[in-house]
Amino acid sequence: MSILTHIFLWPLIAALMLVFVPRNYRVIIRVVALAATLASMVLAIIMFCQFVPGKSGYQFEQEIPWVDSLGISYHVGVDGLNVGLILMGAVVSFAAALCSWEIQTREKEFYILLLIMSGGILGAFASLDLFFFYFLHEFALVPTFIMIGVWGRGDRKNYATFQITLYLSIGALLALLGLIALYLKSGANTFDIPKLIAYVAANPMSLNAQNFVFPLLLFGFGILVSLWPFHSWAPLGYGSAPSPTAMIHAGVLKKFGLYGLIRIALPMMPQAAHHWMTILSWLCLGNILYIGWVAMRQRDLNLLIGNSSVAHMGFVFLGIASLNLIGITGAVVVMVAHGFLAALTFALSGYIYQKTGTLHMAELGGLCRPLRFIGTALVMAAMAGCGLPGFANFVGEVTVFFGAWKAFPAVITVLAVWGALVIGGIYMTRAVRTVLHGPAPDKFANLEDASLWRKFPYALLLVALFVFGFFPKLLTNQIVPDASKIVSIYQPATVAGANDRNPATVHAATIDASTRGFQAALDNGQTAIENQ
Amino acid sequence: MKLELLPWLVLFMPLAAAGIITLFTLHFKTISSFISIGAILAGFVLTIVFISANGWQPAAGQGYGGQPVPAGESICQWLSADGLNIDFGIKLDPLSLMMMLIVTGVGGAIHVYSRGYMADDTGMSRFFAELSLFTFSMLGIVMANNFIEMFIFWELVGVSSYLLIGFWFEKPSAGDAAKKAFIVNRLGDFGFLLGILMIWQWLGTLNFSGLQGPEALGPYATIAGLLIFCGAVGKSAQFPLHVWLPDAMEGPTPVSALIHAATMVAAGVYMLCRIFIVLNPPALEVVAYIGGFTALLAAVIAVQQNDIKRIIAYSTLSQLGYMVMSVGLNGRTPAMFHLTTHAFFKALLFLSAGSVIIGLHHEQDIWKMGGLKRKMPITFWTFLVGGLALSAIWPFSGFYSKDSILGNALARHDFEGSLLFAVGVFVAALTTFYIFRLFFVVFCGKEKSETASHAHESPIVMTGPLVILAIFAFVGGLIGVEGVYNRIFMPHPGGLETSASFASELFGPFARSPLASGLGTLAFIIGLGCAYALYAKADKDPLPEKLGGLATAMKNKFYFDEIYEATFVRAHDFIAAVCDGIDRWVVEGFCIGSIRGGADLTGRALRFLQTGNLQTYAFLFVIGVAVALYVILK
Amino acid sequence: MDLQNILFYVFSALTLGCGVLVIANPFSRNPVTSAMFLVLTIISMAGLFVLLHAFFLAAVQILVYAGAVIVLFLFVIMLLDLKAEALRRVRIYGLVAGVVSVGAILSIFLKSLGSTLFSTESPPAPEGGPAELGKLLFTNYVLPFEVVSVLLLVAMIGVILLSKRNLD
Amino acid sequence: MQIGLEQYLTVSFLLFALGLLGVVMRRNLMVIYMSLEMMLNAANLALVAFSRFNDKLDGQVVVFFIITVAAAEVAVGLALIVALYRRHRSAHVEDLTSLKF
Amino acid sequence: MNASLLTLEMWVIALGIVLMLADFFFAVSPERKKALAYLAIAALAVMLLTLLGNDAPTGAAFNGAYVQDPMAIFFKRFFLVAAILVLFLTAEFSEKISASVSEFYSLVIFALTGMLFAASSNDFAMLFVSIELITVTFYILVGFQRRKLSSLEAGVKYLIIGALSSAFMVFGIALIWGTTGQLNFTELAAVVPQYLSNKIFLMGVLFLLTGIGFKISAVPFQIWAPDVYQGAPTPTSAFLAVGSKAAGFVLLLRVLFTAVPDVARQWSTYLIAISALTILYGNLCAIPQRNLKRLLGYSSISHAGYLLLGVAALSASGQSAVMYYLAGYMFTIVAAFTVVALVMQHLDNEDISGLAGLNQRSPLLATTMTFAMVSLAGLPPLAGFFGKFLLLRAVLEAGPANHAYYCLAFIALAGIIISFYYYFGVIRAIYWSKEASDLSPIRLSGAAKFSIALCIAGMIWLGTFPNTVVNLADQAAQALK
């Protein structure tokens, strides 16, 4: 039994157990939920440490035939692309479970749904079978709607529920169509992703087939990731969601679509990808700039955070769209980093809401004084949000910029950098200024700061951000080998691509060689050759 | 122990200090302060030890993967994906070592000073944590061996200055100032990052050791150079991004001294010298003019400011302008030399001003001071030394550095050089004028307010650093700083002037460029004269009625803030409003609304088929059959 | 123009005429008259059956339909004394709609009927007597026959249930 | 002319249409039900005619079934209508609109 | 001629008669009547296990009028399980119809007989009589609650429309037989190609399909469904939704793919259109619906549309998808109706608000309803999801042949999304509606708990371990050729 199975099965089993626990045994309910998520987090960390970067194929694999006639099998495994995501998902789930103390009503149902969410999405990330990949994500998605509907906050709760349900269902179903179409048109008659990739590599799909399937996947997954202009569900939904839900959804579930693009769409449909990625590169500017501007206008902290998390998705899309190793590596790093960050910000805003009863920025102010820890954490989160070094986000974003610079005409990268550095800076500092700085209203004079136990989730997430921000190699060394497998089919294309602007690189490489030794010279020489 | 480790230690001790303070000793002010001060002073000592052991030009450090690394670097890989190799390394050469000395030395003095200055502030632990964080980031900039690493610390100093400016975050003005500083710096970094991207694209490497002349950058050399320069413009508050620095005075005075006078704002100049090789003549020209203009503009504005710290802030701007100008005029040694001396005397000036402010219980308007000579003698003298050094009169340190800048400008014998030389001389006069305006108004004459009359001298913990800095501000020009910089900037025998006798050193400038030094001295005399004539006895500013509109324009900093408010900020807000409107009304309102309403209406309409009347049902049934028949059989 | 043809026209005219009178009787809209005309329709149709050599079915038609079904109808009508509809006026638009729709169907009927050609020569007529039918019924069609018996049983139960006096 | 299948089919079609018309037009459940019977009879006629001209008896067997089933159906249907009338005092479709929308 | 194939049917008929007779001397008290139901259930279970075990004999009887092929067996198993679940439901419902409940049981059994015959009928005479057996039985079952006017009204409506449709069907049979001279499906299939342009023949097929369309409530013959579902006694509605619809589908499959495959191919576009319209009609009308049983009526229309997806795909995978989907749909819809029966028993109307506070009154029922709705909405991990997955797969598979299939797939998506709207409305009413009138806990008998558990288990099992059923359905679909 693979460790992966344990990682995502424990929360589900716990959810099943909770069904039979009477609703008034609150302590037991919480303990079970925490224990399960903790277990999966510990297992995920172990898995992450045991993972051997660059080893060919998948690790911790397990395969059980499921529906033979359709070629569906239960197949889990990790490579560099999803190992980080699984770790992130497990950590965030645990943090979310910890943050669920803010839920006072119908705890039993809440914890059950929360466990379903975390277990399902971890399974989705772990699974190497198209069917289970989709199945488990959808399984994790449904509780989101119910949680927002039942435990949501704010007067637009119902509308938010309606909208998020509508959008995400459309997205998921489009993706489903795309996956089925992929399965049919590839002709491999299996849902097993590695087999599919191998098969398609051997006998590629026709251009028509690709151009039919790829948009379905792109926009299906895109809607799930709030790709501009299909984003309007996200801020509203997160604004009215209870914070644990927002944490898991914005942090983990949202990454599913991106992961799907990288894992499934890119390796199988190179030609279509080329055609669509240019479009995507402009759409993601919509995320980065447009949503950034929208975020500047927000008067509600949660809406601002929601918008900013939508804007961050733009960087991932940009990295994916660049279709080169640097960009995709960066994209994956941003996915992981943003997972932690989004969870952190929503947890913090949840705390503030719980203490002050409002997230309307005009009513807040000067919270750094009473809530010293929360305030500091929020400042850190804001800084991470506008891509400050030291946090994992910076690593990912800067890598994405390098990838995009290599792939696209300069203007795209220029605008993206503007969005990241300037616009991000503006709305984040505005938020800090209005919420944390300035004179504190008297009614907030003696709010109680987070107690030691409640500091834990925030600290956990911050530590994660710092660790990957200081030692990005922990992630990149695992990502690069497998990402390079994916981009390898794009290399001839990138030569054709708009990327031959530097004759001097070879020269540079030789100069470099004198300083950095022959190995480095070789690398740069290669890049130079690729770049021409 | 291995000496190679010392620099790493110097770099990371402040970070450790910051971490320890935040995590453990937030509630113990004294311990926190000692940790922080200890970290930076230890850094100072270790740096000296290292230099004395390895000399100014250390041998090869170590790299990863057994690769040979250039002299003085020790590297470890930070991130690598195919074309992109980002190292984390430290580069030790005279430039960085000297900067380390300045940062740790001056910084150390300021740390000690803050111990007294912040003594009665509840947030002192936080203050020292952030101060240590800043020290770490600044050292990082200095020691960085590649662009990304420098950019990382570049951003980190930005954020630590953000935190320190906003230290008293309850004050709305402080919060706003912090925000402004951050965003304006971000504008600069925007260009910087793009410049880095271009460098990487063309040179395929990010390491400073891999840099090559502008010809390697092909047609884009100028753009790349200027983009990089943007970073310096933001950080060193050059025109047009100079607006944040005066506001930054909202922070505690030690912060102004350390970050906004001695070290951080100088980082831009340092960076320019570091990557000087990639700048091509056109770019350099722009750099020079920007610098010169900033120097002039700031000096003019300074003449009409009444806030003691703002005056010094503007003088900082104009001195930075000197340095940038000098870099643009291909004089890196003068620039760095002036940076060093400026660090001494500007820190000194700020700290003295801080001591005045403390003495007057946070009174900052110079027209409410006066007659402090008797009440705060030490401060008086130290301030005088600082002022003389700033206004560059022989034999104060400022004289040598500024003179070498002017001399360098004159030595070019071209229009650009001469023009900027003239500007420099004029600015020198202005400098003397405004600093002594300040000096006379604050220290001489009679008390102009109640608080002034009850002023008192500051404790030793504050005056001590003042004295030390005063000494350096005095002799700073003669301790061979210039020689150290010459080691890398012009490594020909003529550069090594340490061998020369002290006397020739002392009068060197007059021998080298009599014109420059002569005019400089003349400028000083004129400035001092005017200042004395106007302000020695004045208890209100006589200039406004003399200058009229110009004075008000100067007072209002030539309305730069207002202009930016009206253009940049407005534009962003407008676009934001538009996007928000689209989002709210078109996407959410119209699209979603119509889909939802459409489905709902169709549903309600269709239900009216179900009249409940059997006959209608039968009728519909028959219609259905009829249609089907018609469709199928035509 | 032999006797068969004449009889055909007579019977079909009767069938259709009475059919019309069943659904739209200009003189009375009393269900009883409709029922009576239905009897006539069925009887004349039995005549057509005879012309088609389906003697047994003709008998069954008269016995079962005219003898049982319609009598049942009459019983019920008497039981319920349905005068109500007589008082209600016909809804014109409903009538028009009905006529149009049914007319459409009918036109398609006849069009397609005209378009398909049948063999006009009449083959040697099969003897639709009881013996032949019975043979078929109890060999090939015994299974449907049995099912129909179940159906009759169900109908019996149903009728008893639905018209029991005591509402449970 | 020779009377062939066509004529018989025409008659049965007409009869069927008449029944249909009755179902659509009349509002008395009894009469509607009679019209339905007419439609069944039209089918019977068609079957018998076909079996005559196809020279097969299966059609007549089916007619046999149809008649039986029709009888059963009528019994049940009338029982229902009676029950309804008892409960509702009306056998009129326009009074049967409690279930709608 | 091996009549041994009919053993099952014979036993079932016998059971029906026994039940009816038992009423006279055995079922004197309500408890005993309930016991009668459990006896019937046990008997059916035994038949399911013994007569339709894995080695159920296959073959044909009565010169091809009756076939016992994998598909017949699949559907017979299906009908038996459905009858068992419905009998459980009836037992819970019995006090509403206490006087003649045992007749109700026997009628259910007789309807079951009709369905069993329909499952293996292979010629038009069989088709006609079995459909009539089902329909006539349902006339009675729908109008069973004579105390309620709505029940009678539903009965009469079902009667008239049913009779109308069967008239069409009979006429269709007449025309088909008249033109081709064939009553047997298999023999008919051989001669169909030469009649493809014969309008009388096509008309006949159309009328036949009209009759079947009425049973599966496909547009434009869906109009009766909401009224009847609402008015009929709840067990009857459940049986209508499951049994009668499934019988319609088994006949539809047989007719389309065994009897007139060429016509089916010729009409694929019309099938697509019908399916699309049915989906949209059902879902759109359900949006503003407040009456739960009526809502389920509309949703059953939409599900008929989904099922037609598989039929329209004209492929083996489509047919097997239909069968799988029916299996999942059975557990789901019976669960839903069981909850309705148990919760709404004492309410006069089945307004959704009646569910308010159900999660306090009976968590089990609340969970069941939620599961049912989630499964109907087609969300993992329940049966509905995998069913829709298979159907969509079948449709997309047919895509290259005719691009209308892609549009059909998108319309199906639209329908599914619309359906979320009202299914979640039900869930919301259960969990967070304010106006909970009474919060008295609901007592559940062991049998009820058992049947509910059965339904939930079925939903989850089909959803998570679909392999077995999918394989069975595949075999059945293969046999259809």
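The chains carry the letters A, B, C, D and E, assigned in the order they are written, with residues numbered from 1 in each.
The definition used in the following text is that contacts are C-beta pairs under 8 Å (C-beta built on N, C-alpha and C of every residue); 3 or more make two chains touch, one makes a residue touch a chain.
Owing to the predicted nature of the structure, the values given are computational and were not obtained by experimental measurement.
*Asks:* Where the contacts of chain B and chain D overlap, which chains show up?
*Replies:* Where chain B and chain D share a partner, that partner set is C, E.
*Asks:* Give me the chains shared as neighbours by chain A and chain D.
*Replies:* B, E
*Asks:* Applying the document's contact definition, name the chain pair with more C-beta pairs in contact, D-E or B-E.
*Replies:* Result of the comparison of D-E and B-E: D-E.
*Asks:* Among all chains, whose Cα centre is located farthest from the one for chain A?
*Replies:* Chain centre farthest from chain A's centre: C.
*Asks:* Name the chain whose C-alpha centroid is farthest from the C-alpha centroid of chain E.
*Replies:* So the chain farthest away from chain E turns out to be B.
*Asks:* What whole-Å value do you get for the distance between chain A and chain C if each is reduced to the mean of its CA atoms?
*Replies:* 72
*Asks:* Suppose each chain is reduced to the average of its Cα coordinates; what separation in Å results between chain B and chain C?
*Replies:* Centre-to-centre distance between chain B and chain C: 103 Å.
*Asks:* Go ahead and note the Å separation of the Cα centroids belonging to chain C and chain D.
*Replies:* Going by mean C-alpha positions, chain C sits 6 Å from chain D.
*Asks:* At what distance in angstrom does the C-alpha mean of chain B lie from that of chain A?
*Replies:* The separation of the two C-alpha centroids amounts to 35 Å.
*Asks:* Could you pull out the residues of chain B that touch at least 2 other chains?
*Replies:* Within chain B, residues 607, 610, 612, 614-615, 618-619, 622-623, 625, 629, 633 contact more than one other chain.
*Asks:* Which chain D residues touch at least two other chains?
*Replies:* Residues 9, 16, 19-20, 23-24, 27, 32-33, 44, 49, 56, 58, 61, 65, 69, 72-73, 76, 80-81, 83, 94, 96, 98-100 of chain D each touch two or more of the other chains.
*Asks:* Note the residues in chain E that touch 2 or more other chains, in rising order.
*Replies:* In chain E, 125, 128-129, 132, 136, 139-140, 143, 146, 156-157, 160, 164, 168, 199-200, 203, 226-227, 421 touch at least two other chains.
*Asks:* Check the chains against each other and report every pair that touches.
*Replies:* All touching pairs, sorted by chain label, are A-B, A-E, B-C, B-D, B-E, C-D, C-E, D-E.
*Asks:* Contact residues on chain E for chain D in the complex?
*Replies:* 124-125, 128-129, 132, 136, 139-140, 143, 146, 149-150, 152-157, 159-160, 163-164, 166-168, 170-171, 173-175, 177-178, 181, 183, 200, 226-227, 230-231
*Asks:* What does chain C use to touch chain E in their complex?
*Replies:* It comes out as residues 108-109, 111-113, 115-116, 140-144, 147-148, 150-151, 153-155, 157-158, 161-162, 164, 166-168.
*Asks:* Once bound in the complex, which stretches of chain E touch chain C?
*Replies:* 6, 13, 17, 20, 61-63, 65-66, 97-100, 103, 106-107, 110, 113-114, 117, 125-126, 128-130, 132-133, 136-137, 139-140, 143-144, 146-147, 179, 198-200, 203
*Asks:* Flag every residue of chain E that touches chain B in the complex, lowest number first.
*Replies:* Contact set of chain E toward chain B: 156-157, 160-161, 164-165, 168, 199, 202-203, 206-207, 210, 219-221, 223-224, 226-227, 267, 270, 281, 284-289, 418, 421.
*Asks:* Please output the residues of chain C touching chain D within their complex, sorted ascending.
*Replies:* It comes out as residues 4-5, 8, 12, 15-16, 19-20, 22-24, 31, 34-35, 38, 41-42, 45, 48-49, 52-54, 56-57, 60-61, 64-65, 68-69, 72-73, 76-77, 79-80, 82, 84-85, 88, 90, 94-95, 97-99, 101-103, 105-106, 109-110, 113, 118-126, 128, 132-133, 136-137, 140-141, 144-145, 148, 151-152, 154-156, 158-159, 162-163.
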